[in-house]
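Before any comments, here is the structure.
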Amino acid sequence: MTAKPSLRHRVYRELFASAREDGKLTLTNKVIVVMILASVALAIIGTERQLAVDNRTVLRWAEFGFGVAFLIEYLARFWSAAEKPGDGSATQKRLGWAFSFFALVDLAVVVASLIPMLVTGAPIFRLIRLFRLASLLRFGEFSNALRALSTAIVERRYDLAVTGALAGVLVLVGATALYWAEGAQQPEAFGSIPRAMWWSIITLTTVGYGDVSPVTTLGKCLAAIVALGGIGLVAMPTGIVAAAFSDAMQNHREAKAKAAAQTAKENA
Amino acid sequence: MTAKPSLRHRVYRELFASAREDGKLTLTNKVIVVMILASVALAIIGTERQLAVDNRTVLRWAEFGFGVAFLIEYLARFWSAAEKPGDGSATQKRLGWAFSFFALVDLAVVVASLIPMLVTGAPIFRLIRLFRLASLLRFGEFSNALRALSTAIVERRYDLAVTGALAGVLVLVGATALYWAEGAQQPEAFGSIPRAMWWSIITLTTVGYGDVSPVTTLGKCLAAIVALGGIGLVAMPTGIVAAAFSDAMQNHREAKAKAAAQTAKENA
Amino acid sequence: MTAKPSLRHRVYRELFASAREDGKLTLTNKVIVVMILASVALAIIGTERQLAVDNRTVLRWAEFGFGVAFLIEYLARFWSAAEKPGDGSATQKRLGWAFSFFALVDLAVVVASLIPMLVTGAPIFRLIRLFRLASLLRFGEFSNALRALSTAIVERRYDLAVTGALAGVLVLVGATALYWAEGAQQPEAFGSIPRAMWWSIITLTTVGYGDVSPVTTLGKCLAAIVALGGIGLVAMPTGIVAAAFSDAMQNHREAKAKAAAQTAKENA
Amino acid sequence: MTAKPSLRHRVYRELFASAREDGKLTLTNKVIVVMILASVALAIIGTERQLAVDNRTVLRWAEFGFGVAFLIEYLARFWSAAEKPGDGSATQKRLGWAFSFFALVDLAVVVASLIPMLVTGAPIFRLIRLFRLASLLRFGEFSNALRALSTAIVERRYDLAVTGALAGVLVLVGATALYWAEGAQQPEAFGSIPRAMWWSIITLTTVGYGDVSPVTTLGKCLAAIVALGGIGLVAMPTGIVAAAFSDAMQNHREAKAKAAAQTAKENA
């Protein structure tokens, strides 16, 4: 006969995804995710000066509202952290939680939202709320995807190193070629290798703003060779990351399907 | 002894691809597809003001011609919808068809083509004809391809969510970096995070119009890092859709080849 | 006791790759390939007016030299075509060859090179020499690669149709969105859907010249959505061709390796 | 009873990665790699005129310091080269090493660093230090990756030739089309095929600077067709290299895992 769980225990299970066996997000967690996203969107929009001035009162109250909500959540977490399994008094467990990385991020978020005076002119600071998302999305389906991804990247670290080095050499060779060919004609754009590297990177990534481009025949010939030769090779490191991610997700899906089939078989 | 099918039944089978076992498009269906494409092309060209003014009479008569043709098709469908299998009187079946989504689209197309007065200045409205295409291309080889594609996308929804979130964070980080680095120098382009996001998206998709680009050394360094790091990662979600589609088509081809081999074996 | 082959037969085997069992290019064939490439390069460079004027005599003599060489080759082919296996008199065989597609191309090339008066101001005409390359590269390793490629493309015709249609719809939707959003502000660039399609295609292929780009907030938002959503999807048709080619070459390599292993086994 | 190795032998093993069984880089090797990278970075930064003038003394001393360090390394290598296994006197072995390609590169690097007077105004010369990296990175994990890569590229030489030729033809066709369509309107940009090829290459690689772009309706239509058709196909050669590399690394990883499993089995 199990006793009815205390309020504190229920709050604990509701707030801490790590407390639940399946690691899934609770409704409260999801509400908080939405609130974080909304407050980040608010912080982004708030950097647009004219909008911020026109809606000063609304923005300030919204910031204050988010701050209060985050404060309540922080206090509830602090209070219910005592339910954490393991040895130690309630205070020890609470302090252990309060000094963990993600709890400190939570605290910073609360402070940043509640004392707008403090952070006036520094709206970027409000973007640390995104880290709060990370603390919540560590669980559930997302965490599997992220773990699979990081494993796959570690496995391919040599591929990344070799292709990264190759990309770096290509960028340097392209920059040196144009520095040599157009350094005299366009000193502002190609007057030194670091300057030419701006052209080289923007060309080899195929962004091609057009703020700097060769004007001499020799420069255009070299640029054409660099562009034809370098396309795709500079994209290789990120291509490897993309492939690693794709494979990892595929394996994860297959493993999950297999496990489900196994479970179905055992139940039958 | 099967009776000779009535005219209404033959019209029904000619107009409704769903009435046929193989789901293939009939000659009439194909003629209508071509007419829709032609009328869409006409609507597109008609937005070019000078052309539209110079050929006002031709365009109006062409619109009218398409309108009449679509009206005849609509009435023929309405009349022959009574042949639909299942219970209910002819009128019930006709009304059931007339209030279906695609029948309403057909009606809107007819109205839009026949009453040009009504839609003057709103040529975009004529593009709803494209939806008519969708109603016809639901059948045949296309529908298998589309079904395979949507299945594959649903299966990879977590991949899409994770890579989409990653792309979003990259766009935001890039925008924030440039807002911080160049917000003061180029307030028009980087004076707020939403403004900087325009730069960030156009850079990370490698479009690179060049209408906004960093001018300071710090801004260029950050932009180079963002470009090198973000290329390919922002393209991951659409890359996943492309891969899902490619795999789905491959599986579909293999399944079809297998089925054909099976049929050949049974016949032998 | 085999008779020594006649000069005509040796010339025939030297000029016609199809006459040889292995289908490989002879030394003469390779020399002609190089000459064609050189004469194409000359024709390309000759379009640069200043260069063409300064080196009028040199260019004219080079053109004349290539013309004579191609004429000699043409006559040698005509003469030795009589050696072709099969029934018919020597004249019949020669005429049969002379009216084949590639022989007519050869003739046109000779004429174009020898009568520069005729083609003055039409240097593009000289590029038909490239077709001559096609007539030579039909054989050997290249022809296998090209056959494998065309087979693979035919097999994936539905993939290409569906993705091509998807790309077309994306281009049209993007153009319509920007026509609607910026048609009034920038009538020159977005004043009609066909005009907006230029922007749409240059954006979705990620070329991004920057000659036209949205200036309003609404236009930028729509353009960002179009760019993020469309990247990769518009590249899908060519991506499918690339994948088809890659697979075809892989299969071809494996088949060749297998055949080589089989031969080695039989010889052992 | 093995004798304690001589100092010369220990220096030899420390400097020459080829002297060690595992082919791994020693601590000394790694320090030299870092020094080369630092001196290359210095050479790159030194091309920025203003910086170079302001820090003339610092740069000169840094160059001198790197020069002395590379000289000491060179002399230590020369001295310990006598330990090389095989027949011949110590002097013969030393001279044999001194005239090897990489030793000559080392010597050139030392000279270039120590006699700045000699190379004033030619900072590019200092980039030959990068070749020194190649001499060190021939060993260890990198060398396997590079060997696998070069093997894979050789295997796919026909793919590269065919796709390269296809890309070349696309570039030429695009250039010819725009030369024909816009040669009269924009003689500076499209007045000859070589000029139009600059546009063609920058468009088909999707760089799209925007310094030249079609302005007529015909030119835009042709450019749109070229862009839609050519995207991805021009990237095919580098895509093949990327795929070859990816496969080679995958095979290498699998072979290594297999070898490790084999070793573990034998030890068990």
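The letters A, B, C and D name the chains in turn, as written, and every chain counts its residues from 1.
Simple rule for what comes next: a residue touches a chain if its C-beta (ideal position, glycine included) is under 8 Å from a C-beta of that chain, and two chains touch if they have at least 3 such contacts.
As the structure is a prediction and not an experimental result, all values here were calculated from the model.
Undergrad: Please name the chain that ends up farthest from subunit C once chain centres are defined by their CA atoms averaged.
TA: Between subunit C and every other chain, the largest centroid distance is to A.
Undergrad: For the copies subunit A and subunit B, give the interface type as same if over half of its residue numbers appear on both sides, and as different if under half do.
TA: On the two sides of the subunit B and subunit A interface, the residue numbers are mostly different, under half being shared.
Undergrad: Subunit C and subunit D share one sequence, so how far apart are they rotationally when you fit their Cα atoms? Give it in degrees, rounded to a multiple of 5.
TA: C-alpha superposition angle, subunit C on subunit D: 90 degrees.
Undergrad: How many angstrom lie between the centres of subunit A and subunit B, each centre taken as the mean Cα position?
TA: 32
Undergrad: Averaged over CA atoms, how far is the centre of subunit A from the centre of subunit C? Could you give it in whole Å?
TA: 46
Undergrad: Identify all positions of subunit C at which a residue touches two or more other chains, and write them in rising order.
TA: 197, 206-210, 235, 239 - these are the residues of subunit C that touch more than one other chain.
Undergrad: Any idea which subunit B residues touch subunit D in the complex?
TA: Residues in contact with subunit D: 206-210.
Undergrad: State the interface residues of subunit D toward subunit A in the complex, per the touch definition above.
TA: Going by the criterion above, the answer is residues 44-45, 47-49, 123-124, 127, 130, 141-142, 145-146, 149, 167, 197-198, 201-202, 205-211, 234-235, 238-239, 241-242, 245-246, 249, 253.
Undergrad: Tell me, which parts of subunit A touch subunit D in their complex?
TA: Residues in contact with subunit D: 155-156, 158-159, 161-163, 169, 172, 176, 179-180, 191-195, 197, 203, 206-210, 213, 220, 224, 227-233, 235-236, 239-240, 243.
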